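Accompanying notes for the structure given below.
Labels A, B, C and D are assigned to the chains in the order they are written; within every chain, residues are numbered from 1.
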Amino acid sequence: MKLKTLPEAAALVRDGDLVALQNMATQSAPMAMVRELIRAGRRDLGLVCLVGGMAVDWLAASGSINRFVGAAVSMEQFGLCQRFRKAVEAGRVRVEELSETALLARLTAGARSLPFLPTRGLIGTDLIDINPNLELLEDPFGGPPVVACRALVPDVALIHAHRADRFGNVQYEPTALWPDIGIMPKAARRVVVTVERVVGSDVLRLNPDRTVLPGFMVDAVVEAPWGAHPTSFNPCYGYDSGFHLRWAEAAAAPGSATEFLAAFVHAPADHATYLQAVGGAARLAALGRWEAG
Amino acid sequence: MSVPGWEKSPPARDYSVDELMVAVLAGCFRPGDQVCNGMASFLPVSAIRLAKLTHAPDLVWLAGAVGLEPRPGPVPASTLEAPLWRNSLMYVEQCGDFWTMVLNGRFLSKFCVGAAQLDRFGNANNSVIGGDFHSPRVRLPGTAGMGDMGSIGKLLYYWNPDHSQRSLVRKVDFVSCAGYLSGGRQRSDLGLEGGPELVVTNLAVLDFHPDSKHMRLRSVHPGVSVEEVQSATGFELLLPDGGEVPQTPPPTQAQVDAIRTVIDPHGMRRREFRRMRQRAAGGPKAG
Amino acid sequence: MKLKTLPEAAALVRDGDLVALQNMATQSAPMAMVRELIRAGRRDLGLVCLVGGMAVDWLAASGSINRFVGAAVSMEQFGLCQRFRKAVEAGRVRVEELSETALLARLTAGARSLPFLPTRGLIGTDLIDINPNLELLEDPFGGPPVVACRALVPDVALIHAHRADRFGNVQYEPTALWPDIGIMPKAARRVVVTVERVVGSDVLRLNPDRTVLPGFMVDAVVEAPWGAHPTSFNPCYGYDSGFHLRWAEAAAAPGSATEFLAAFVHAPADHATYLQAVGGAARLAALGRWEAG
Amino acid sequence: MSVPGWEKSPPARDYSVDELMVAVLAGCFRPGDQVCNGMASFLPVSAIRLAKLTHAPDLVWLAGAVGLEPRPGPVPASTLEAPLWRNSLMYVEQCGDFWTMVLNGRFLSKFCVGAAQLDRFGNANNSVIGGDFHSPRVRLPGTAGMGDMGSIGKLLYYWNPDHSQRSLVRKVDFVSCAGYLSGGRQRSDLGLEGGPELVVTNLAVLDFHPDSKHMRLRSVHPGVSVEEVQSATGFELLLPDGGEVPQTPPPTQAQVDAIRTVIDPHGMRRREFRRMRQRAAGGPKAG
C-alpha cells in the first residue's frame, strides 16, 4: 500500500536531497508536491530538471534550493524565472548546466548502473571544461571523440501522472512523454508520484501499454487532482496563463514574491483549499477546456 | 494544401519585418527536410508552416519536438504546449526516440536557434553574461537543446529580432552553442560537421565566409542601409564578394496573406519583438 | 508514396547487405519478405537479430546468408534451428555472438551516430576477446570498467507491423515492443515494412501514441496480411505450431529442408497463394483465435 | 490469493522430480523480489507462480520479460509468447525500459538460467561445444540474456533437468555467462557483484563454497545417493561442512496440488525432461 497524503509523501524528500523534478517550462510539474515541500520548510535541496519552470522559481524564492542541474530554466512566453535568476547571480544557487543529451546521458547511466554514457553534444562549447562530470574521451575504435557524462543518481524523483493504483503502478494518457517520466524515476533512489486519480488495478489492465512505471519503482502515490496547476497537464487541462502572469509580475521583487507564496503556498491549509484560492471550480473547468492559456 | 498561386505572387507592398523574417526562414527549408522547433519559437514555427503551404508541402514538421505533422490551427501562445501538436500522426517519446532521431545524422538536419548573444564566428550564448560562470552578472535561461544541436552536425539558422551591439558581439561571453569556434578550420578539425548557415535579423540576412567562417552580410532589408547594420553590430562585418550588398527580397503578397490569415492571425510572431524592447539582456530560447 | 509490392520492396535488399531482421524465436518475423528474398535468390546476406527463429533457419537452408550478428537463434519449444546450426558448424555462416545489451548498444550507437556505447554485460565471458567490435574501457571517472560496443549500421531493416499509411508512418497495436521495432529501423540505412493493413493517415491520427516509426525513416511499405505467418503477431494471430513442427522435422536433413522450401517458398506464386498452401481461411481463422499454438 | 493451508501442508508422497525442482526454485524467491523469465523456462515460470501462490504473494513477475503481473492461465507452450502475459498491468518496452530496469542494481536481482554446460565455478556455456568458436563441433543457441545477467550483479539460479557429465563439466568449452570464472576472488576482483547462488538439477541441489567458489553439494533428492550425483558430475564436488549431505525436502502436498491443478495442468514443465532424453547436446535456453 503506497497511498499517502501529501505531507506523508513529502517526508520522503529530506533536507539536502538532490530532487529530480518533472517539469517543462509551463507543463507537467508536480506543483502540489512542490508547494508541500515549501510549506514543510525543506532546505538545501538540489534540483534536476530538463527545463525548469515556475516550480524552480518558487523553490528559489522560498530559499529551498542551493543547486540546480539541468538544461534550462524558463517559463517560455512568461519569461525568465526571475527569483531563480537572482539567486544564481547572488551565488545562492549553483548551476550545473548540461545540454539535453548530456543530462539524459547522466541520468540514463544512473538508471542503468553504468559509470557513464557518452554524447556527441557539447563538443566545442565552454560547458565541458567547467564541469567535472564531463570528460572528453577517445573512441577506442578510432572514431571521433565523445563526451563521457558521469552517472547521476538523484535521491528522489517527483512525478505527476494521470492515474495509478495503490501498488504504485503509474499510467499516462496518450500525450507527450517527456524525459522526466522516461528516465528520472528510473534513475532516482526514491520515487514520489502525484496523480490526478487513484484507480483500481483493473483499470490499468485495460491499457497495459499506457503504464509508464511499475509499482516496484514507486515509493509513494498521492491523489492530487489538478496537481500540476498552474502548469498544464495534457490532455486534462491547460496551463493557467493568468496565474503565470501574476507570478511573473510578483517575481520581479523579493517582497512581492514572498507575498505571493504566502497567499498561494503557505495560506491554503491543503490542496483543496489551494484550488479554491486559485479560482475554484469555474476556473478549473475553463482550464479543463484549455481555454485559459 | 498549398496557398493557391503562391509561385506567381507579386512582392508585398504592405508587410512588417517579422513577416519578412518568416519568409526568409521559410526559404531555408527544402522539400524532404524534416524540422522540429523548440520553445518560444514563433518565427520558426511560422516559417515552417509557410514553407509547407508554399514551396515545400512535404516538409516534415515535428511540432514542439513532440507531434509529427499535426493539423495545426493558428500559432498558439506556446510553441511547446499541446495546442501546437494536436491531431498529430505520432507522439515522439522524448527520452529515447526524439534524441535518437535528432542524433542520427540522416534526419532533422536543420535547426532554428535563438540566443541572447551571437558572435562573429557564429558561436551562441544563452548561459551567462558577465562575471564568471558561477557568479554571473546575468543568468540566462540555459543551453537547452542548442548545446547539442551546435555540435552534432546540424545546420543552424539563427534568428534575432533585436540586431544590436548587445546581441551581436565580437566574442560571446560564454559558448553554450558551438558555431565555428575561433573560425577557419577549428570546427572541422574537432570532427564537427554542419554549423551555422544563416543569421536572420530584423535588419539583415548574414552568412559565414566559406574559409574564414567570419560572419558576412548577405543582404540588407528594404529601407535599411549597410551602415545601419554595421553600426548595430559589435564587430566588423565582411561584405559579399564584389562589395555590393543586395536587398533582401520582400515577402510575396501570398506569403504575407498566408501568415496573417492562416498561420498566425493572432500575431504571436511579434511577441519576441515586443519582449526585445522591454529588456536589456536575455534572449529567446532555443528548444 | 512508399507503397510497393513485395518484389519491388525486396529490391531494396541487395546481395551482400547486412539485414536487421525483426524476429523473436516464434514471434513477429517479416516472413513474407523473407520468402521473397529467398525466391529472388539473394546471396551473401548478413543477418542482425536479437533472437532469430525460423526466418534465420530458412535463410541458412537456402544458402542466402554468410554471417549472423545476434544474441541467440532458437525456435524455443520447437528446438534449435538445425539448418543454421549446420551452416555455422560447416563454416558457411560466421557468427558474431553478443549479449542482448551489447547488441542493443551497437545498434543504438549506430542509430545515434555515436562511435560506441558501453555496457556492463559480458565482462568475464569469452565473448569479448574474440570480438573486435568490443573493447574493455576504463571509466574516466574512476569507476568500474565497461565494454565499449562499436556502432553497428545495418544496410536495411526488415520489419512487420500492424498498419501504416502510404507515407510510411507505422503503427503498432498495444503488445510487446521488442527491440527490433525500437531500434533496428533507426539504426539501418534503409527500412522496409510489411504491414497487416495499409490505412489512411486519419486512422493513425486517432492514436498518435501508437505510431512507432515516422514516415521519413521508412523507405517502403508493403501490405501483407498474415505476413508474419508462421510466427505469431500479437494481438492478431498466434504462431502456427503444426507448421513449426513440420519445419523442425524437415530441417533435420538438407534434402527434406530443400523440399519444404520448394513447396512453401518457391512454389507459391505470391503471398496469397502461400496463405492457401498453409491451410487457407480455416487455418488462418484458428490462428487468429490463438488456437493453433 | 494463496493456496489455502499451504503453510501446514504435509510432504507429498506422490510427486515427480520436476515438481520437486519447481518447489526448490520457488523457495529462492522472497516477498518483495521482482523476477522475469526467459524462453523455454517452464520450471522457472512454474516456480514463480508457485511462490506467488504460497510464501511470496507479492513477488513481482515480469512475465516473458514483457508483461507485468499478468493474470495467467495454465502455463502455456511458450514462456515468451502472448498467452503468458495476457491481462498484464504493463507492457514493458524492451529496447530501453526492460534493460534499464534489469541493469539497475536495485531491481530484478534474481534470474533463473538454463544452459547446455555448467562448470565447477558456475560458469555457463550456451554458445559452442568443441572446436573453436568459428568452427565449433556443436553450435548452441547463443548467450541471449545470460551474457548480461552473469556480469551485472544478478543472483543466478541454474536449473538443469539432465544432471550428467555432459552438462556439468570441469571447465566449460566457452564462457558465455560469467559465474565465478576461475574461482576464489577472481569475479569480485573484476568488480562484478552477484553471481551463481544455486544449481537445481534432477538429482540434487548444489551451491558454491563461499571462499573457493567451487560447486558444492547442498542436498540430494530423495532416493538419490551422493555417489550417484558424484558419478554424474564431470568434476569432484565439495561436500557440506561436516560431510553429511542432507536430503532435499520433498514438495508439500499443497505445492504439488497447486502445480498439477492450477499452475501447469498441461505438464509443460516436463517438456525439458523429454527433450533432454532426445539429444546429445544443446540445452534449455535462458532469456
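One rule holds in what follows: contacts are C-beta pairs under 8 Å (C-beta built on N, C-alpha and C of every residue); 3 or more make two chains touch, one makes a residue touch a chain.
Just so you know, these numbers come straight off a predicted model, no measurement behind them.
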item	value
Pair of chains joined by more contacts [C-beta pairs], C-D or A-D	C-D
Distance from the mean Cα position of chain D to that of chain B, given in whole angstrom	58
For chain A paired with chain C, centre-to-centre distance based on mean C-alpha positions, whole Å	39
Chain centre separation in whole Å, for chain D relative to chain C (CA means)	28
Touching two or more other chains - residues of chain C	108, 113-114, 119-120, 144, 174-175, 182-183, 208-209
Interface hub residues of chain B, defined as touching at least two other chains	67, 91, 95-96, 99, 103, 152
Arrangement of touching chains [line / ring / star / complete / other]	complete
Chain C residues within the chain A interface of the complex	113-120, 133, 135, 137, 139-141, 143-144, 146, 148, 150-151, 174-175, 207-210
Residues of chain D touching chain B in the complex	95-96
Interfacial residue positions of chain D with respect to chain A in the complex	34, 60, 62, 67-68, 71, 87-92, 96-97, 99-101, 103-107, 152-153
Residue numbers on chain C that touch chain D, as the complex places them	24-27, 51, 70-74, 76-77, 79-80, 84-85, 88-89, 91, 94-95, 97-102, 104, 108, 119-127, 130, 144-145, 174-179, 181-183, 232, 234-235, 238-239, 241, 290, 293
Of chain A, residues touching chain D in the complex	108, 111-114, 165, 169, 182-183, 186, 189, 201, 204-205, 208-209, 211, 214-217
